[in-house]
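Comments concern the structure below.
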Amino acid sequence: MISQLTIIAGFREEKSYLKDAYFTRPFRLANVGQYKTDEALYLMVMSSSPGLLDKDQYDISIKLEVSTRLQLQSQAYQRLYNMQTGATQKMMIALEAGSSFSYVPHPVVPHQNSKFKGHTVIYLQQNCELLLSEIITCGRKHSGEIFRFTSFQNLTEIYYEQKLVFKDNVLLQPQQAPPGTIGQWEGYTHQGTLVYLNTGERPAQVYLDKVQQLVKEENGVSFGLSEMAVNGFVLRILGNGGEQLFNCFKRVQEALWPNNLLLKANGPAKSKAPLLIQQV
Amino acid sequence: MISQLTIIAGFREEKSYLKDAYFTRPFRLANVGQYKTDEALYLMVMSSSPGLLDKDQYDISIKLEVSTRLQLQSQAYQRLYNMQTGATQKMMIALEAGSSFSYVPHPVVPHQNSKFKGHTVIYLQQNCELLLSEIITCGRKHSGEIFRFTSFQNLTEIYYEQKLVFKDNVLLQPQQAPPGTIGQWEGYTHQGTLVYLNTGERPAQVYLDKVQQLVKEENGVSFGLSEMAVNGFVLRILGNGGEQLFNCFKRVQEALWPNNLLLKANGPAKSKAPLLIQQV
Amino acid sequence: MGSHYLSSLLHLSDPTLPIGGFSHSNGLESYVQQGTVHDAVSADNFIRSMLRNNIKYNDAAFVRLAYEAAACQDVAEIIQLDQECTALKSPKEIRQASIKLGVRLLKIFNRQTEHQLVQHYDTAIFEKEAAGHYCIAFGLYAFLMDIPAKEALLAFYYNAAVGMVTNCVKLIPLGQLDGQAILFRLHPLLQQLTEETLELKRELVGVCNIGFDIHCMQHEHLYSRLYMS
Amino acid sequence: MGSHYLSSLLHLSDPTLPIGGFSHSNGLESYVQQGTVHDAVSADNFIRSMLRNNIKYNDAAFVRLAYEAAACQDVAEIIQLDQECTALKSPKEIRQASIKLGVRLLKIFNRQTEHQLVQHYDTAIFEKEAAGHYCIAFGLYAFLMDIPAKEALLAFYYNAAVGMVTNCVKLIPLGQLDGQAILFRLHPLLQQLTEETLELKRELVGVCNIGFDIHCMQHEHLYSRLYMS
């Protein structure tokens, strides 16, 4: 089944709003920002299906118009079911100048014999901010279903004005390449990657220390944090619980979201490093 | 013309003597030891020809019987004349157990267009002592004939009980490989090599210091001295005068000859290193 | 006999080229510190996984792609491959090491030869459009020096393997003979990976090795200016 | 494509093999001390003369002869070639360096492979009938690892050249890029010498280089125990 989801976020009178949306089954969309005090748009992607079934094709397209701020949320873990042919997901996110997009979805749970292929492409213009994460689990761990899926591949590409600036090609084929191997999952059952990228002028470096401290508090994980060639960083983590990694990424998101470097660019606070630390 | 020279040196009543000799034109042989006080044999190879002509083949064979001591001398510089085909020399020297052979011939002077190929093979038995040298000049230097010869090759091989223990393959083709090149004659016009080898038990090392001192006194030469894998040493020298190198080698010979390590082995003086230095 | 390219191949892949070693020593250092890599067996595992799961999909794959782009005289493609390398190498130290090696390799080889392709690539680096990754420069020169792709890849793998063995010998430390024993046993794998790289699907290029990435990042963080200040 | 032997070739001729470098640094050191070799041009001259006049007639020639003897399974010939090497190398340090490298090479490669020829050679070394020269061991293993003679020789020459360039860069000293420029320009000579070595007449094997010998001996004497006592 082909399922579509299209979101266009607009900006009007200093506020972001849902300018247009289109979705087919099982997608639904909820505006969850009613109690927020800021002027950003908060949307939750909901689904009437518990996950992707064989031959499912998700086609998601998100566009942020100039100056828009959008925080997307997922409703629940994304399950990938037993498949023959496999399921796919295409996600295209376009950020116009001065817009911010932040998305920390729930972990993906690839069940036994699932086959998934995802492709996420993000286009950034000048002065944009992006936070995007992905968490992949070994499967239904509590049922003892560990690394029984057939294959999982998710390719993420981020372009800044036509130029590829970040690429993450996650491929897991547990039967062919044991995830326990050194250099891979190394005995852990969950992996997560969070990317933060800013095409404005204020250095993302100011976040590094804070993020490092935040993640360091997690027990039983192995993680690394590194600056990108462009203005941003990558956080990679291995752990043993989906909830832990998800909450951890959420905390990183929460730490970064209110301190939008783009907004502050015109605000009164000009100091860089202490900015974040003071507020969180 | 094929020319032969055969010498057999024998030992009788504690003295070395010329047991047998055979030679053809231009060779002659003179016993030059009449005024010597020791019991060794001193022979001078003389020649009615000033040098080797085209197609000349010298065939020399020398045998030293058990315990013999023979010092061979040359009469004059060996000239190699203008040739088409080239001249050759074969020299075979066999030392029986306990014998000593010492030979420092005059320099070889290869004239313009000369072609020479020599091969010297020496066979040593136990407790033998050998001193052998070779000096090659650039030609008739005083007439300005410098490195005009076509080719000069002399191969020297020393065997100790069937095993090759020293090999020196001298090849000079001035037109093809300029002798001035680094690693070759390096601007010098004369080269000399002196080998000392002892198959007895007393280490030849005792001579190194003395020989080093002796040769160091020469001006305008470049030389090196090194121990062989067997009991002996090699002295190599580059210089600008045949007389100088010849006299230098003669002095080395004189320093070593009376101190025959073999003889002393049974004598009263048992100390090693100071042996030579005290006497010279 | 086809040895006309051999001296170029030996030169291009010479482990003593003065460009710094092709190394993933940063990640290795973290593993050694943590005790995960501590003897010949674990060193062998580390190197094999690095070759099989990382280098094959990343640096070696880019050697091949750059080689093919050079064969097509496709400068734009070479620059895009270079950008892709930068985009893929998320641990900063690894990315910077790759660029440092590449720029030095280009500097050495450019002085000796003149190739339009390299000039264009150099210009792109000067204009910061490209970075100058080692694997791209290696593939480019391999083609320009008439080295067959297969031989170039095998030499690239050998060079990577010997670099890792050297690092293991130093960091763990191991005996030289243990290091050589590891290297010997790798030969069949190097052959196999060479073949596999030539047939690698484009979509598999750049596959991530999260454990290696994390360990490289950890090394970087420990020694970064962030913590020193 | 014939790359089946390439990884073996890269390993055998790897300049980073832990055996110590194939070097004539002793002679070079004397030349540098005396000021004869003092810049890129004189370094180039030194290396070219060493390759063309010395290594071609000596070490490289013995690589070929040992290779051919191995091809004929002629142990006696291999031992005789080894003895000939000892007999020819009159400067002690050069002779000892050649043996040290050879014995280490044998130690490394013997652990990995079993060949009757090598076992016999090893026994001869143990019984002091042979010494274990690097060039002999190199030729022997080149044959046993299916490396064609021509490729083995070229790699041997490359290894010798890179060793000398490295020594020049260190001792003179030269810039790394100057060293690389010398190495680049040597490629045609390495090819040429490889061909010439394959056709070298037996009677020319071992031709003496008196200048090199003297400088090696001088180095040895300066630092020998003789003068230190």
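When the chains are written out, they are named A, B, C and D in that same order, and each has its own residue count from 1.
Everything below uses one rule, namely that a contact is a pair of C-beta atoms (placed from the backbone, for glycine too) under 8 Å apart; a residue touches a chain by one contact, two chains touch by 3 or more.
What you are looking at is a predicted structure, and each value in this text was computed from that prediction instead of being measured.
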item	value
Length of the shortest touching-chain route, chain C through to chain D	1
Most widely separated chain from chain A, with each centre as the mean of CA atoms	B
Euclidean distance of C-alpha centroids - chain A vs chain D, Å	59
Length of the line joining the C-alpha centres of chain A and chain B, rounded to whole Å	89
Distance from the mean Cα position of chain D to that of chain B, given in whole angstrom	30
Category of the chain touch graph - line, ring, star, complete, other	line
Full enumeration of touching chain pairs	A-C, B-D, C-D
Chain C partner contacts - residues on chain D that touch it in the complex	1-4, 6-8, 10-11, 13-18, 107-108, 111-112, 148, 150-151, 154-155, 157-158, 162, 166, 169, 176-177, 179-181, 183-185, 187, 190-191, 194
Residues of chain C touching chain A in the complex	27, 31, 36-37, 42, 45-46, 49-50, 53-54, 57, 80, 83-84, 86-88, 90-93, 95, 131, 203-218, 220-221, 226
Chain D contact footprint on chain B (complex, rising order)	153, 155, 157-158, 163-171, 177, 181-186, 191, 193, 208-209, 212, 222-229, 234, 236-238
